[in-house]
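Next, two complexes with subunit A in common: one pairs it with subunit B, the other with subunit C.
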Partner chain A sequence: MTRRLRDIARKVGRPLYVNRRLVNYYWERTRRNKLAVVGLAFILFLILLGAVGPFFTLDPTLVDFEQKNLPPVGFTTLKSVYDIETDELATSEVRGIWTHPLGTDSKGRDMLAMIVSGARVSLLVGLIASGIAIVLGTIVGVLSAYLGGWADNVMMRFTDIMMTFPFFLLLVLIVFIFGPRLVFIVLAIGLTGWTGTARLVRSESLSLRTREFVMAARAMGASDGRIIFRHLVPNVVSLIIVIATLSIPGVILAEAALSFIGLGDPTVASWGIILEAGQHSLDTAWWVAVEPGIMLFLTVLAFNFLGDGLRDAFDPKSNI
Partner chain B sequence: MGKSWLRAYILKRLLYAVIIAWGILTVTFVLVRVGPSSPADRYLANMTASGQDVSQIVEAIEARYGLDKPMHEQYIEYMGNLFQGKLGWSFSNSMPVIDLIKTHWIYSFQLILLSSIFAALLGVVVGIYSAVKQYTKTDYIATFFSFVGISLPNFWLGVMLILVFSVKLGLFKTYYDTGLPLFSLDNLKALVLPVMTLGTGMLAGYVRYTRSAMLDNLRKGFVTTARAKGLPERTVIGKHVFRNALLPLVTIVMFDLGSIVFGGAYLTEIVFGIPGLGQISFNAIFANDYPVVVAVTLIGTSIVLLVNLVTDVAYTYLDPRIRYD
Partner chain C sequence: MNAMSNVILKITNLKTHFFTRRGVVKAVDGVDFELRRGECLCLVGESGCGKTVTALSILGLIDSPPGRIVDGEVRYDNLDLVKCSARQLRQIRGKEIAMVFQEAQSALNPVLTVGDQIIEQMKIHLPMEHREARNRALSLLEEMGVPSVERVMSSYPHQLSGGMKQRALIAMSLTCDPQILIADEPTTAVDVTIKAQILDIFRDLKAKRQMSLVFITHDLAVVAEIGDRAVVIYGGKNIESAPVSEIIGSPKHPYTAGLIGCLPDISQTTDRLASIPGNTPSPIDLPQGCSFHPRCSKVMEVCSQREPAQIAISQEHQVSCHLNQ
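Then we have the complex of A and B:
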């Protein structure tokens, strides 16, 4: 009995990434939430789509004015052509064709190809930018909690200022100044979006700092660096996973919103860029605005479902 | 009231708010001024068109507005003026910033106010209902739709509403008509789609927050006591549970205000062409018109900081146990 207890105690105290039993337990709990599983499945599908999809679709940059404004398969639109011989507008019905299953835009580019390459862009932006934000936030949060005193004060006051700063306005300013390149957009979002993570990680680390295993480590003469990286950081991993899942949709939306107001990278066909072009041709080609928006919506929804499920699994009481 | 500590607390918070606002304004000023073009460019385009010498005009304009001085002098002068309440001169609109804001603030205000009312009223009602009927079909539907609501990109929702109701059905205009009198039915009608655009995300958020705040309190001991006393369910939910749920709810709602003012409202104004503060500061960024950008940032930030302070002070009255020291 005592051995069993000691065994459990040892396992519970171990951080998530080396504790298979705990990982399995959380996975079981997450799996019970059907929406979370659906969300995860969609995200995996999206990753696959972004990774290998572009090899199977047409070239998303291929312009073909003969085939412009084709509706998706199953839909028809009216197309007016000016006939120079009879001096009349001839209106004909256009059907979607299987060569372009999701239709084409005003330059005759294949919508399916653009949506697929947009998936790659949106996912990369989401993962990299929230990766930067989370690494920064974790560093600030853990250091703030561990060092305490004036260092904590300075870092947290700075975090307060950053939090009060109108996030979107800041993004618009930075991107406008440095130019609409995807690199800058990702950096801007990453470098401004870490504040929430910092606060949550700090409050979690504050309670970890006083726990027995940290005191034991210190008593055994562990260095600050070792305590931070071996004991504090691994134990906030579950919190970080939840924050990451819930912050990725915000990042993807921020990039799309920037593109939508004309500050997107014009060389990359992200969903926001397609959407921006689509809103100007609502009366001739509604699908150009509808399709990337649906993908954007489903992606954000999937991350929200998964994040909610993970949070409930890790800590049903938390209110992130 | 015996809240002598409150005065000191408010003073401390106000001082703190001023420091934060100063920090934000400085960053904004620097960011706008290091931008790629000079505020004089806008004049330049017009005047070169009439065949005048370019370099002379630039010099004249920059001297006129003090743009030729070193950056730190401009900064000190600008901040000094700001401190005296002078918001400066808008280069791109050729008018004082204060006049610009006076004519445009109402468009943002009406949009945010109407959306907040719409979202808060409906959100709280649905949230309470959803919590009381937890794990019923109604609750699942409400929860699902609140997920949909928070996941809908609001600018896309705006475009879709225009597509369906304006382009296809022709019920509304595709653009907001500024010529309408403020308190008229037509103006209200023109705001229906923008309010739905901005309000849907807010509504979904309020449903979620209300539901979880209600659930936190529903299983507490005092609720059982209230029921045991034989109080009608209406009173139990309305007076005992909801009042206690209100505090965390208000916190989250106020915390969201900033992102609504600067994120959602901003994009909604752009989608519908509403000439509010978001729209003018957006145009000002592109025109490098820093007095407008800083002024609008100042207004938005002040509102957020002030509302946060008022909320914190209001807590001490809502819940007398709360003390800040």
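Then we have the complex of A and C:
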């Protein structure tokens, strides 16, 4: 089964993987969009950060109450300590130190280490959940378009129902039932997020299935499955790449939002979890909430820029 | 005469109708012909006369809805293809009866290499190792007269010329050594020099492989070039069938005669080319009686009233026209 899947994946991805000229062509077109290139650079940086960053930072789980609530380097903050002997609040100024360049949280954990390990979590959540959603959406969309008739009707009406159902409530419900485990959160996002993909892939496949090469494949005795996986899916790969790029930020935000309202996995320091922890200490340590917030903002922006650029590059009708 | 035992494909009273909102489109409305082993049978007619739908009906490739084969029989090898299950048909398509489509550009998948597509077709029907399939693909392309086969194998359709693509398409249809090859206007979308080369390929297939060909075309020059017998189709019916020499030499139906009259003669200087007045009738409402009568130069009263029956002028020559009754 896995071998069969791998075989399909290899065949489906092959056109772009093998065809260097086509890849170069799309790269040339994408490159003309400066924002897309900046977005791509930032995403590559994030991936690198997530992959090797944790080896260079402090342990993100290391608690040190001596060093709690340190501001980032270059910032100062006031710290009040209640002195039992004088029965007074002693206020002193605290400076950021280079041991903790981005400061520490209320338990004295290093913010830089947390942000870096959060990058890994958020990217994984984004990639895996989008992956699930894209695969599901592609299968539903292609099948729907190819089979047509009542099968198309059943699948598309189901998609409509999924779409009208408030996505976030569904997420909350799933997490509430199965518990706040990262695995379930990723699955929940993936299993609910495929509807848009299904619709887009369906509309693209509808025009593909009337093309003569599909008829030619049938005339050669190709089965439905062969036509779908060998002839239709490879033709929608470029569309899928664009959808994937544009859906990853949504997924990252969804996970962050779940964490923010307290339904995140507390054992994994995703940006959402850090953000949620930071909101309680906004008055004493604003950076705990602001730093993951900025990272989320930049990541989402980068994916959106790249997605826009890819969409224009893959669209043969756009003049760029 | 053992003409019957020689028949490999026999089509009797085939009727394929499309049920649309605007009415029933009788695209094919009673086509009869038989294909003999090793011959090249040409289906001749104008655009929209039902040639392609006939070919698609043989292979059961009519999309339903809206289309349906409402009547008739397609007999191949003791099987009636009209009544075959989808699975049986799939085993016949490509393996026993293969088809070459008109436009090579659109009949090839734009995102797969030509080699991949040929190998792919082989793997549908034959239990083959990749290497074996690849070697066979290479030799097929070579047989088609493709230069630098390796390069063509790894090219994408858009990187090849029209003639190359058509050759690749023919190679693809031959992967499983089919008994019958149906070619739907394979020379229409290529220019004249390529056309001659493509016709040569088909002639070779007939000579070397004893392949039985159904050649669909609107071009009588091509018919004269390659055909053994021809069936002229008009308004979804065959109106005349005969050996090619007779069709060209002594056509009995005014429409056939008209088609031949349309061919420009290089030895004569004329201002205007001859043509048949009017257009092919809409298959939604075919004219009463003989469907050709509104355009016929020899129209008689009976033509608009009664449909002419098919009569045999000789054993090999049938025509449906009141002139010959």
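Keep this in mind: the second predicted complex is superposed on the first by the 297 of 320 C-alpha atoms of A that agree within 3 Å, B and C clash if a C-alpha of one lies under 4 Å from a C-alpha of the other, contacts with A are read in each partner's own complex, and residues count from 1 in each chain.
Going forward, contacts are C-beta pairs under 8 Å (C-beta built on N, C-alpha and C of every residue); 3 or more make two chains touch, one makes a residue touch a chain.
Please read all numbers here as calculations on a predicted model, not as lab measurements.
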item	value
Fit-or-clash call for subunit B and subunit C when the two complexes are aligned on subunit A	fit
Which superposed partner A:R230 touches (first subunit B, second subunit C, both, neither)	second
Subunit B versus subunit C as contact partner of A:M111, first or second or both or neither	neither
Which superposed partner A:I274 touches (first subunit B, second subunit C, both, neither)	neither
Touched partner set for A:M215, first subunit B, second subunit C, both or neither	second
Three-chain overlay, closest Cα atoms of subunit B and subunit C, distance in Å	13
Subunit A-touching residues of subunit B, taken from the complex the two chains share	20, 23-24, 27-28, 31-32, 34-36, 144, 147-148, 150-153, 155-156, 159-160, 162-163, 167, 212, 248, 258-259, 261-263, 266-267, 270-271, 281-282, 285-286, 293, 297, 300-301, 304-305
Subunit A to subunit C touching residues, read off their complex	15, 18-19, 211-213, 215-223, 226, 230-231, 234-235, 237
Subunit A partner contacts - residues on subunit C that touch it in the complex	59, 61, 90-95, 98-99, 101, 103, 106-113, 120-121, 124-125, 156, 169, 172-173
Contact set on subunit A toward subunit B in their complex	35, 160-161, 164-170, 172-174, 176-177, 179, 249, 253, 256-257, 260-261, 275, 278-279, 282-283, 286, 289-290, 293, 296-297, 300-301, 304-305, 308, 319
